[in-house]
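For reference, the structures are reproduced in the following blocks.
Same chain, two partners: subunit A is paired with subunit B first, then with subunit C.
Right after this comes the complex of A and B.
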């Protein structure tokens, strides 16, 4: 049932610099996770995206949330009922 | 409880549904925190552990207005009652924190 999603997550992982990916549903339950992103993070990822959306309720599109650290960036985006998170290494400048 | 929006109550009980510790706010349905209701999850966890998939660890029940999440921490049972729109993943992520807090309570039930 999850073969298609697994294939897309695997393709995302093959992108240069991607350390981990996670896909969660609207209940904060993990649909799939690969690499550095733990399945336990599904609830928090979903909640962060919801809270960011509340900052501008009039906006038609869900915001992209970027959490940056020294070594990497976590990008979160919600589309319809699915929230996706991609953990990417920072390219050294 | 304030860590998750929409979380209405948490009950820690023994296997018979007898409450050891209970917290709730005014939104929690009173019936959902009664021993008669809570013990059904204990029984469901026992039955779930007989399906050949190992020990049943958690049960999530979704209702139209509420959701009930149950952690099997034998001899204790932890039940969380929340709004149906609450983030289930966040509720499940409370398990580790609650497990740490259960150590002292576990001793009380073991002695009893």
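Right after this comes the complex of A and C.
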């Protein structure tokens, strides 16, 4: 029953520069994880996106949280009840 | 008003060899009478004695003994030297307490008499409470002020700090908190001045999140076979 989600995660992994991807529900349950992102991060990812949303409650759109390091960026976005996280390598400029 | 004991026929109880105990704040009196080893409790205005009900008339308590009924009467204007009670004894309905507290008849034979039976536990319990309170109460005014000399104070401070250092070092990571966040960059202005994530990445995220949400909404349970299967019983 999770075939569709799995396929989507696989397609995301095939995108250029993506190192890992994770999908979690509104309670922090990991629905799927691939690549460099560990399943343990599901809870934290969900919570981070929730907290970021509280910064501007009047905004209609959910914010994108970016955790940047020297080599890569972790991007987190919530949509409806699902939180998506993509770990992407930084393109050297 | 004095106190004495009398029986149903108003005969005075031979209490010359007995003694009366009271409790400082209690409403009960314990009586021990020579020849009558049982103890019983008197309750000035209510209570039970040995499981028998009492009728309390004003200033009169009827106490049941194994050997018969004895009443504890408060006489007007009298004294009861046998019991060591005097006119100053207050025995009205509500306040038969403090002045009767711990009065003992001066009788050497009974000076240390410990009453037998279950009532003895009350006395020992009282004593225990008394000793406990005495131990627990700290008389601040009685404490003598011991002032330390400077060198002694410094010695102690040094000793305590070395002990603390030993304890904290020996316990190791157990007491330490979790690893704190890394130091981060030395030039935050340089980091903040860099470009934020690219538009391509924003679109990637938006698309990926939307697709993931729709994929999750399509999760369905597929009925493959029954969960409950009847066994074929021949």
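By definition in this document, the second predicted complex is superposed on the first by the 93 of 93 C-alpha atoms of A that agree within 3 Å, B and C clash if a C-alpha of one lies under 4 Å from a C-alpha of the other, contacts with A are read in each partner's own complex, and residues count from 1 in each chain.
Criterion: a residue touches a chain if its C-beta (ideal position, glycine included) is under 8 Å from a C-beta of that chain, and two chains touch if they have at least 3 such contacts.
None of these values were measured; they are calculated from a predicted model.
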{"item": "Subunit C versus subunit B on the shared subunit A, clash or fit after superposition", "value": "fit"}
{"item": "Partner, of subunit C and subunit B, that touches more residues belonging to subunit A", "value": "C"}
{"item": "First (subunit B), second (subunit C), both or neither touched by A:23", "value": "second"}
{"item": "Subunit B versus subunit C as contact partner of A:44, first or second or both or neither", "value": "first"}
{"item": "Touched partner set for A:72, first subunit B, second subunit C, both or neither", "value": "neither"}
{"item": "Touching partner for A:36 - first (subunit B), second (subunit C), both, neither", "value": "neither"}
{"item": "After superposition on chain A, the shortest CA separation from subunit B to subunit C (Å)", "value": "8"}
{"item": "Residues of subunit A contacting subunit B in one complex and subunit C in the other", "value": "none"}
{"item": "Subunit C to subunit A touching residues, read off their complex", "value": "196-197, 201-202, 204-206, 208-213, 215-222"}
{"item": "List of subunit B residues in touch with subunit A within their complex", "value": "87-93"}
{"item": "Sites on subunit A touched by subunit B in the complex", "value": "24, 27-30, 40, 42-44, 46-47, 50"}
{"item": "Residue ranges of subunit A in contact with subunit C within the complex", "value": "1-2, 4-5, 7-9, 12, 15, 21, 23, 25, 31, 64, 66, 73, 75, 77-84, 86, 88"}
